[in-house]
Amino acid sequence: MAKKKPTVAIVMGSKTDWPVMEYTRNTLKEFGIESTVKVMSAHRTPHEACEFAEGAQKNGYKVIIGAAGGAAHLCGVLAAHTILPVVGVPVKGWSLDGMDSLLSTVQMPKGIPVATVAIGKAGAINAAILAVQIMAVGDAVLRRKLVSFKKNMTKDVLKADAELQKELDA
Amino acid sequence: MAKKKPTVAIVMGSKTDWPVMEYTRNTLKEFGIESTVKVMSAHRTPHEACEFAEGAQKNGYKVIIGAAGGAAHLCGVLAAHTILPVVGVPVKGWSLDGMDSLLSTVQMPKGIPVATVAIGKAGAINAAILAVQIMAVGDAVLRRKLVSFKKNMTKDVLKADAELQKELDA
Amino acid sequence: MAKKKPTVAIVMGSKTDWPVMEYTRNTLKEFGIESTVKVMSAHRTPHEACEFAEGAQKNGYKVIIGAAGGAAHLCGVLAAHTILPVVGVPVKGWSLDGMDSLLSTVQMPKGIPVATVAIGKAGAINAAILAVQIMAVGDAVLRRKLVSFKKNMTKDVLKADAELQKELDA
Amino acid sequence: MAKKKPTVAIVMGSKTDWPVMEYTRNTLKEFGIESTVKVMSAHRTPHEACEFAEGAQKNGYKVIIGAAGGAAHLCGVLAAHTILPVVGVPVKGWSLDGMDSLLSTVQMPKGIPVATVAIGKAGAINAAILAVQIMAVGDAVLRRKLVSFKKNMTKDVLKADAELQKELDA
Amino acid sequence: MAKKKPTVAIVMGSKTDWPVMEYTRNTLKEFGIESTVKVMSAHRTPHEACEFAEGAQKNGYKVIIGAAGGAAHLCGVLAAHTILPVVGVPVKGWSLDGMDSLLSTVQMPKGIPVATVAIGKAGAINAAILAVQIMAVGDAVLRRKLVSFKKNMTKDVLKADAELQKELDA
Amino acid sequence: MAKKKPTVAIVMGSKTDWPVMEYTRNTLKEFGIESTVKVMSAHRTPHEACEFAEGAQKNGYKVIIGAAGGAAHLCGVLAAHTILPVVGVPVKGWSLDGMDSLLSTVQMPKGIPVATVAIGKAGAINAAILAVQIMAVGDAVLRRKLVSFKKNMTKDVLKADAELQKELDA
Amino acid sequence: MAKKKPTVAIVMGSKTDWPVMEYTRNTLKEFGIESTVKVMSAHRTPHEACEFAEGAQKNGYKVIIGAAGGAAHLCGVLAAHTILPVVGVPVKGWSLDGMDSLLSTVQMPKGIPVATVAIGKAGAINAAILAVQIMAVGDAVLRRKLVSFKKNMTKDVLKADAELQKELDA
Amino acid sequence: MAKKKPTVAIVMGSKTDWPVMEYTRNTLKEFGIESTVKVMSAHRTPHEACEFAEGAQKNGYKVIIGAAGGAAHLCGVLAAHTILPVVGVPVKGWSLDGMDSLLSTVQMPKGIPVATVAIGKAGAINAAILAVQIMAVGDAVLRRKLVSFKKNMTKDVLKADAELQKELDA
């Protein structure tokens, strides 16, 4: 059986972002969504990054998820070259605990938004869920999956609470 | 002729956010998109806010845009009660220049993303554009409008540059 | 002999907060105060959290202590649904060293206070003491316990000083 | 008719804090609570401040609200000398937009909590409400007033929303 | 007499940066250096910005000075497309007092430096001086001008001191 | 032979500060200065701390060095009770990497200075040197020791440089 | 009658710091202490600054007070060239609200302390008081003046409190 | 064969900066550029540092690269004594994660620029590349090397991407 065409592109500024962004890919998979993962840098492969963003819509992508650290320009550069929604994951860089990555990603000037999520792993997971929410606007199957995902989260918290009660009673 | 049904809800924590969030409504209008604007507080009208978020998808909304300042919980609370994409605008509060609003909006735990844009007016405009980009995933007309919007932005910058050259030559 | 009814509720956004919040429970115990501990999330179990807060006073609680990290909305959400005093412990999240948790907890808009204490373990212990101080307003036994607790703290510092003097003399 | 004895003490590090802390006094008045207002500095009148805190409980106070800016030691110093709950309002100082006041107030070491609220005016109002909530633990009349206060806040937001709808329709 | 060909390009993300960046142009003029001033945005005119940077060296430029605010990607994007030294001026944006602009400009990943100077007007002047210093490496006339510029700065401070002494004696 | 009377008091908020403040004592010893070391807390032993500061001058101390972390009130409280110069060492607390300790120590209101040095170990050493400099104002022997200390520092750097040159040549 | 020889040197990086540092001079005058005021820059008149610091002790100065903003190197540079105690006043620069000035002044490496006081005017006043405290170590007259200064501060606060009570009673 | 004369000076405030600054030296070597490495402190060997900077141009250096942490004055002090371009590497100090080093290096007042690069290792590498870019302004061979360096960076990213694709396909 043929593999489904990916509808989400995950673009990382460096391969070192992969241990974080693997959560994005895996979370998308939980929703049955295929993704393309690319290492492309706004600074070191600018042509490839711009070209990828420019062709993304035509190539069937519906959402681009970018991830970068430090002076994190990648998401802004991708957003400059596409009309697709670009989700930005600020990855902790080599200092300042992700504050530089966050501000470089979120403080976009008017006209070119980047849908920024939390720093690091939490953001990597949420980027995937946000992408699903975006695609679910026009997709009833995804909407049902999101409803069920939300219910499971609730169950997980209730289960964690139940476990704690047991531990406390012990 | 009947007015189009709004597809975007703009929810503000306080009516004092309106001078900022009016830019969201007006930007949406430029794209021909109707929006509902609500003053609803995560803390002072929690029932209304939760109920609104819970019914939002059924009521035809495709995107919710939230705006709040200080310990800005509104967007997270809305996101907890819907599977629609929630866009968050951190509005400058009474101190700390918007840093509190930004961190309270963007640092969401895994499972419940808020698509955060820049602090203040730039973010208010970008929230609208992001909402359009999200709806454009399934709407070719909106995609064409976004392409043309992007072209106009380019023209505006080129025009500003041309004016500057004239001033420098004078 | 029947166990006393808990008068303090400790609500954590995630079970991973327990190693910190265990200090709250234990400190309360030192004052002979029973507590209920719950894992409940403002975002993943919003209904449970709201319901718990709404019923808290009727269920005999006098103080609610909340603990959360990142965009820490839990305490604000609990406070929105109760007239009980809500004490907030900002727990360090996955980045920014607790600054996000602190600002999300303390910068509450007018009308809905959260009594915020220090980040992490120091705050977890102090949340318990603050809860005791609150209940002691109407309870002479607790007031005597607080006086004695204060005296013991003084003794501990004096003892630490005495030990140091011995080490220095050695 | 004799004036009621004050049950809340508002202590400011400087008379320049009064325009902010007047909100505390006025909010307390809305709940029918009398307060004493004192200018007392942890650094310039340390004896008076310590003595006041030490005698506060005996003198009938149930809650102390402190307010200071910069290296805001006042609340910590008051808390060191009483077992009453101390609520801290970080007031913006001459630089750093209140961040110094906030950290100096909230980051108390274990053993001596200060119930910190938001920076500035929002915190001044919330300090009053928190004091009411604390006293309401043992006072059914205050509890009813808090319920009604909460309802009025809700009404105010609904009214603001209604006004906005009218403006938008106009 | 023909005008000298500009050797420095000043590129601003927005025409609103001109009141700051005019200091760059004027400082360069004091050294007899012509500059081209362009409004070009990394996000709104990405093609123009990239093309300009790619052609800059061939077109006779020796240094590029970029200026942008908020998520200031301009300098990084210019640097990605040229081997010329790129000097970055972080301009205060709409919030956070220039911290976002600074971090977005200076925290470049390895491989693509941006020579960052101070936020705002001080940086705008220093960007010009740095450009002169760079060109002076191979230009004895400029070196002499820098020596004389340094002497004049010294004189100005000594003169300010002399004036102050007079005022104090008066 | 009788031990010299200590002229410097080192006061720490907690015995856990000793590994840092031991550097202060040892650096003082290098200058032949005896010090008293005390564990005394602004919050847990306020009476002892105030009394100590009040009697310090009479007891022969010339400088007080305080050290505390978090909401570091100790130095300010000591300074409130003495006219001796108080040197403050901000010690890293349990979060925020010492920023809270620094701001709580340095941002003293007018009237009550604390001579603040760097966060942590560097500050602990510098507090000792500053105390020596202060006492050297009226002590020619100490002045000579400071001159020689400065020369040794220079020698150490020159030696480190010489070693590096050797390593590079190898 | 001959004017007393100045014992304190106030060195400012720029004449624009004078409106702040005038408070230093005036506070010293209240204690009967003459001061020299100099505009000298670590960067623009480095030779003069170094020479001044090197000769300061021989020229009868007992304390140097430095003041600078931005990357405030002045105090560190002065301290490198003298064994006198150097007091540093971080003056707000053109951005970041004095945080840059504070960190550049206080975070000195081991070996070369700068006795840092608060940002801006409060620090300017406190620098003077600290200088008096330092000189008072060996001067009983100054010690009596400090005791009396402290008493007056106490009186001022008590008076402010008395005024407030009157206003509240009115 | 005689060794080439060094054209770049790498000056570190402390030998502990060498593990970071070794990257600068090695990157320069990749471009065939010899460098001198010196340990010289703005505070502990001020004369040596000033003298070195003053003679640097005469001694054949074209660029000075400075590196320091904490209150990082070294680069500013070097820049005060030379007309050569000074590149500044903020090295993480003992606290605040490099923010103090960054602000002390970059926020230079008008007249004396420091070309600041990123904090730590990324900055150390980029300082070398920036120095090459500066010297390449008048050196066609270096320009070709920079073009080839840029191409190799691109290849490295493409290769990393290719490897990732392989891993994902596996």
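Residue numbering begins at 1 within each chain, and the chains themselves are lettered A, B, C, D, E, F, G and H in the order written.
Here is the rule we use: a contact is a pair of C-beta atoms (placed from the backbone, for glycine too) under 8 Å apart; a residue touches a chain by one contact, two chains touch by 3 or more.
Bear in mind the structure is a predicted one, so any value in this text is a computation, not a measurement.
Q: Spell out the chains that contact subunit F while also contacting subunit H.
A: Common neighbours, subunit F/subunit H: G.
Q: Which of A-E, C-F or F-G has the same interface as F-H, meaning more than half of the contact pairs match by residue number?
A: The chain pair with the recurring interface is C-F.
Q: Determine, using the mean of C-alpha atoms as each chain's centre, which chain is farthest from subunit G.
A: Here the answer is chain A, farthest from subunit G.
Q: Could you give the separation in Å between the centres of subunit C and subunit G, each centre being the mean of its C-alpha atoms?
A: 42
Q: Compute the distance, rounded to whole Å, between the mean C-alpha positions of subunit G and subunit H.
A: Roughly 36 Å, centre to centre.
Q: Subunit F: which residues touch two or more other chains?
A: If we look for residues of subunit F contacting two or more partner chains, we find 14, 41, 44, 70-71, 93, 95-97, 99, 106-109, 111-112, 114, 118-119, 121-122, 150, 153.
Q: State which pairs of chains touch, listing all of them.
A: Here the touching pairs of chains are A-B, A-C, A-E, A-H, B-C, B-D, B-E, C-D, C-F, D-F, D-G, E-G, E-H, F-G, F-H, G-H.
Q: Residues of subunit F touching subunit D in their complex?
A: Against subunit D, subunit F makes touches at 13-14, 41-44, 46, 50, 69-73, 76-77, 79-81, 93, 95-96, 99-100, 103-109, 111-112, 114.
Q: Quick check: in the complex, which residue numbers of subunit A touch subunit B?
A: Listed in rising order, the residues are 57, 62-63, 83-85, 87, 102, 106-119, 121-122, 125-127, 129-130, 133-139, 143, 146-147, 150, 153.
Q: What residues of subunit A sit close enough to touch subunit H in their complex?
A: 14-15, 18, 37-41, 44-45, 48, 70-71, 93-97
Q: Using the touch definition from the top, list the residues of subunit G that touch subunit D in their complex.
A: 92, 97-99, 118-122, 150, 153-154, 156-158, 160-161, 163-165, 168
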